[in-house]
Amino acid sequence: MSRRPISISIDRLRGKRPATGPARRLPGDERSCPHCQSHFRAEEMERNCYVCAVCDHHFGMTARQRLDHLAGGEPWEEIGGELRAADPLRFVDLEPYTERVRAAEAKGATEAMISAYLEIEGQPCVVSAMEFGFLGGSMGSVVGERFARAAEFAVARNVPLISVTSSGGARMQEGVLALMQMAKTIVALDELADARLPFVMVLAHPTTGGVWASFASLGDVTYAEPGALIAFSGPRVIEQTTHEKLPANFGLAERQFEHGHVDAVVDRRELPARLGRLLGILEQPPRDESQSLASQLAQNGSERAARMAQALPSLSRRLRGRPADATYHPSRGHSGS
Amino acid sequence: MSRRPISISIDRLRGKRPATGPARRLPGDERSCPHCQSHFRAEEMERNCYVCAVCDHHFGMTARQRLDHLAGGEPWEEIGGELRAADPLRFVDLEPYTERVRAAEAKGATEAMISAYLEIEGQPCVVSAMEFGFLGGSMGSVVGERFARAAEFAVARNVPLISVTSSGGARMQEGVLALMQMAKTIVALDELADARLPFVMVLAHPTTGGVWASFASLGDVTYAEPGALIAFSGPRVIEQTTHEKLPANFGLAERQFEHGHVDAVVDRRELPARLGRLLGILEQPPRDESQSLASQLAQNGSERAARMAQALPSLSRRLRGRPADATYHPSRGHSGS
Amino acid sequence: MSTPTASSGRGGRFVRRIAGRLAGSEAVPGDTWDAVLLARHQDRPYPLDYIARLMPDFEELHGDRLKGDDPAIVAGIGRYHGAPLAVIGQQKGRDAQDRAYRNFGMPSPEGYRKGMRLMDLCERLEIPLVTLIDTPGAFPGADAEERGQGGAIARSMLMMLRLRVPTVAVIIGEGSSGGALALGVADRVVMLENATYSVISPEGASAILWRDASKAKLAAAAFKPTAANCYRWGVADAVVPEPEGGAHSAHDEAARLLDGYLSRTIRELQALPLAERRRQRRERFRRLGAMREATSA
Amino acid sequence: MSTPTASSGRGGRFVRRIAGRLAGSEAVPGDTWDAVLLARHQDRPYPLDYIARLMPDFEELHGDRLKGDDPAIVAGIGRYHGAPLAVIGQQKGRDAQDRAYRNFGMPSPEGYRKGMRLMDLCERLEIPLVTLIDTPGAFPGADAEERGQGGAIARSMLMMLRLRVPTVAVIIGEGSSGGALALGVADRVVMLENATYSVISPEGASAILWRDASKAKLAAAAFKPTAANCYRWGVADAVVPEPEGGAHSAHDEAARLLDGYLSRTIRELQALPLAERRRQRRERFRRLGAMREATSA
């Protein structure tokens, strides 16, 4: 595996962004909820993590908003931020790919994924967050590369990798090279697995196509946001191909949970705490400390058990006559292991 | 793993069996087919591999008949034949377990499975065949042990393992020790896997309960005989527990094939040829011979391809300008690897 | 034919695998049915009761990534004595509604496959595994059969056998049939004092062997499925004491007693080299059984 | 913004991953739609046609051991040059009835899981694997989605990436979308001369990008999915020649030409140490892509 030096643009820390950076304010001063028609001002939206305060509808978030939210407003360190889309096919559909990219970049994002090193509730980790606003969050070469570098960075720092997806799938304008990014993300996860590091997925609306059919399906633990569409083929393609009438909740997070593809549907406002707790659970103690700690605690556990066992005269009768070394004797001390 | 010396009773080779051995003739002179009511004499049955010549119904076979059939009438070498059932629980239901075993042994079989070393169509292998006539082919300690020794024998001789099942499940009269035989068969298969040896299953009627839920489900390749019932819970238990009305073909080999649990439904009369061919396919060439053989044949293949490529002037144009070492050049000789 | 206590007899000699253990004192016969009732007591702690006490930080995982999520099996990862620990357990319900939801602790293939998904996670992230076994058996349904109930159980056993991380199986209540053993192929298999482990439920055996559904007590006495007997047979490696009066009477205390055994055992297993742990695990299940050897065929 | 052929330009410099290859001659533009039609020619050999010619002794395996058997994917083991070889391929039907039976070569999750079952067998028995790719994509059905189409594809890729045995993926016809790549994560990826490999079918792209179902030719020209282009981009490691006139005109010859490549390549891969083979396989997919680097943010 070729390991390029990992470049970090620390000039992109929160608060130091250029004025031409991502819009911190939503266009206009208000947004209305597509579900319940409630109106919210931009600062109300931000305060409530872009969730409707009335009906809990989860609005889209930019990648930067996502990283800020997970980092609890603390700065984060971008990984692979210098990468930009190229146009290997010189692709033109209704307009040239280069023009589409230029227009997307002009809105402030540099690509459809930002990878960053940060802390969630005190747990250091790497997060790759997708940006649906950049060409539909489509996965081209830069997304694949930023994801791979995120995994490699996580391996280098020995921290878990988290990804928040929001994507229409592979970026068609990069042709078969976009398809190959699916495999690239798998390679990255395999390296992460070699390092015994966890990979946690957060499926935001929408997670479809080649993103769902690659790394987004492979979380050790997989959360989804309420109402997120999660599918390989979107509802329109399915209805056109098979002439099936799809249920209204087809592919939504809640239904994917029922079908066993998601561990939990988690409200975005609870996500940092939930992720922080999970990373805490998964943290491996340093090898040596682990053994001594385990030994200590086991000793404690055994002493408590021994106290309890005083009240169990019936047990010793039942266990009588057995080879001592194979039996659990709560009243006996431990030999060092 | 403790490796007991493997004991082989070669005095049980075909033709040398004591008169008190298994009945080579079926009781009475005829049997009638339960499906089409046709009548057959015993020698007709044997000639047609105990398959109804009219409707192809597969009758039951004893383990010895099965081994004779697979070995093409050639002798086979029993493995673990000295093992006999014990009565660890001193179990009594409507009659004592010891009496049931005594009665079953009196009919000629020594237990519900015979393991043997033999050749199928010239392919040496170990076969464990079950005997439904011995307490419903139930798996007790002896069946587990004979299966495990079969796998260990296969490892020692570096040959594949085949099993033909016909069983009602675990032998209840041996209690939880019978249950443990399921795990024992799994251990045996894991040893076989360590030795990179194939395990081929033949599911005969019926394969149910703990046998289906252990080794019988784990064939690298799994054949089933037509009409064989294959299930963890039998139809009666299911109907009593869930009050479901089961379809007539519930759990039958053909339906299990549809549900993806069986590779092929194979007529018994074709079984030896089919198994022989499969073992031939799976046979690993000796390491060194493999490489030289492969090298030789690849050379041949390449020469043929080179001849063909003469007719392909368009190809060389299309491939022009590429780095030579990454391209397939049929017209070029091979460098040794 | 010889009986197990006779070391020689007509036509064979006893293979002394379990003879040493059987020579010990017999179980007290009257206790058997009581043990069956205690093992199934509706106030007995279930996996989530132990988990809540042993691991306040616990993340339950859901779904087999194939078809669905089976509430009869709970699976997840928690923080245990300063390190991650994975738990898979069969979960019965306590009230009528919950019992139906949990399908009376009878897992479907999806449940075992959820467990295997967690085993895969354990393997990759090097997390030890504890299974908590309490089931009347795998669910006997036509759909479950067609989705591969037998294969799910078999593969679960194989996967447990192959795991490179330390594993402990605890029979916390009723361990019946292959549906229990599917989670029972561990480095150490232990039973709570009042747990039972058997090839079939007494009711099932009664219907099949006695052809009379009312002979469950008789069947229980015949199977002798108590912890003490399973220990004698080598099926259980240890018996973990319950609070006086049974685990149902004091969940906290039951959890503390289990904690003492588990924390010590996981530490001991982690101290073993991988190859030795796997050798022991295989050997443990390879040797179980009781049989004679015929002197002549 | 720079274009790929310019090595420097406004705001960035070109990352030279594929620049060397792209500097070669462009594909002949008129060939693209012909290649699409040829790749889908109904007389083109399908996996079972190659298998019958390369491995007269072949055992097709069926079923995913979970839910069913998918006829859109064929999988099995055969005797190839004196040793076992496993093959997984997408199988289209030739006549109307067979096409419907094979679901037009669009696999369901069961198909990929049948493939993974075979990969597991390859791993355990040390049997090399060849995949034969020919699909318009994975089946877009609601049931397939609910049974985990996305996860099946992802896991198939991961499993191929992790295999310890030599693997070769051959695009024999139409390689479209993740449904094709699911079988394409191999040590060597090669394309037949008239095969195509693309992120989406021209028709799909036409409907989505041009919002007009009739622009498939335009889409094909834009995607440039030919073997020659895929080779230039590093997506294909080699191009295997077809008989003059195309593989559909001479199945035997097409099989012989493939045989020459496969037998040599499997032998070469077997000669590599495992660690080196896996390193190469990872590196192969790790490096694919084309991008710029911004000099300043």
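Lettered A, B, C and D in written order, each chain numbered from 1.
Basically, a residue touches a chain if its C-beta (ideal position, glycine included) is under 8 Å from a C-beta of that chain, and two chains touch if they have at least 3 such contacts.
These numbers come from a predicted model, not from an experiment.
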Shortest walk length in steps over touching chains, chain A through to chain B: 2
Where chain B and chain C overlap in contact partners, by chain label: D
B-D or A-D - the one linked by more C-beta pairs in contact: A-D
Label of the chain whose CA centroid is most distant from the centroid of chain A: B
Gap in Å, rounded to a whole number, between the CA centres of chain D and chain A: 29
Euclidean distance of C-alpha centroids - chain A vs chain C, Å: 35
Centroid distance [mean C-alpha coordinates] between chain D and chain C, Å: 46
Numbers and ranges of chain C residues touching at least 2 other chains: 65-67, 147-148, 151
Where chain B touches two or more other chains at once, by residue number: 217, 259-261
Graph class of chain-chain contacts, one of line, ring, star, complete, other: other
All chain pairs that touch each other: A-C, A-D, B-C, B-D, C-D
Interfacial residue positions of chain D with respect to chain B in the complex: 24-25, 57-69, 77-79, 81-84, 110, 114, 121, 124-127, 190, 193, 228, 231-232, 237-241, 243-244, 253, 256-257, 259-264, 266-268, 270-271
Of all residues in chain C, those that touch chain B in their complex: 1-4, 11-12, 14-15, 18, 22, 138, 140-142, 144-151, 153-155, 157-158, 161-162, 177-178, 181-182, 184-185, 197-200, 204-205, 208-211, 219, 222-225, 230, 233, 235, 279, 282-283, 285-295, 297
Residues of chain A that touch chain D when the two form their complex: 1-2, 9, 11-12, 18, 81-94, 98, 101-102, 110, 140-142, 144-145, 148, 170-184, 186-191, 209-210, 212-218, 230-233, 237-238, 241-242, 244, 246-247, 250-251, 255, 259-261
Residues of chain B defined as touching chain D within the complex: 193, 196-198, 217, 220-221, 257-264, 277-278, 280-285, 290-291, 293-295, 297-298, 301-302, 304-306, 308-309, 311-312, 314-315, 318-322, 326-328, 330, 334, 337
Chain D contact footprint on chain C (complex, rising order): 65-67, 109, 147-148, 151
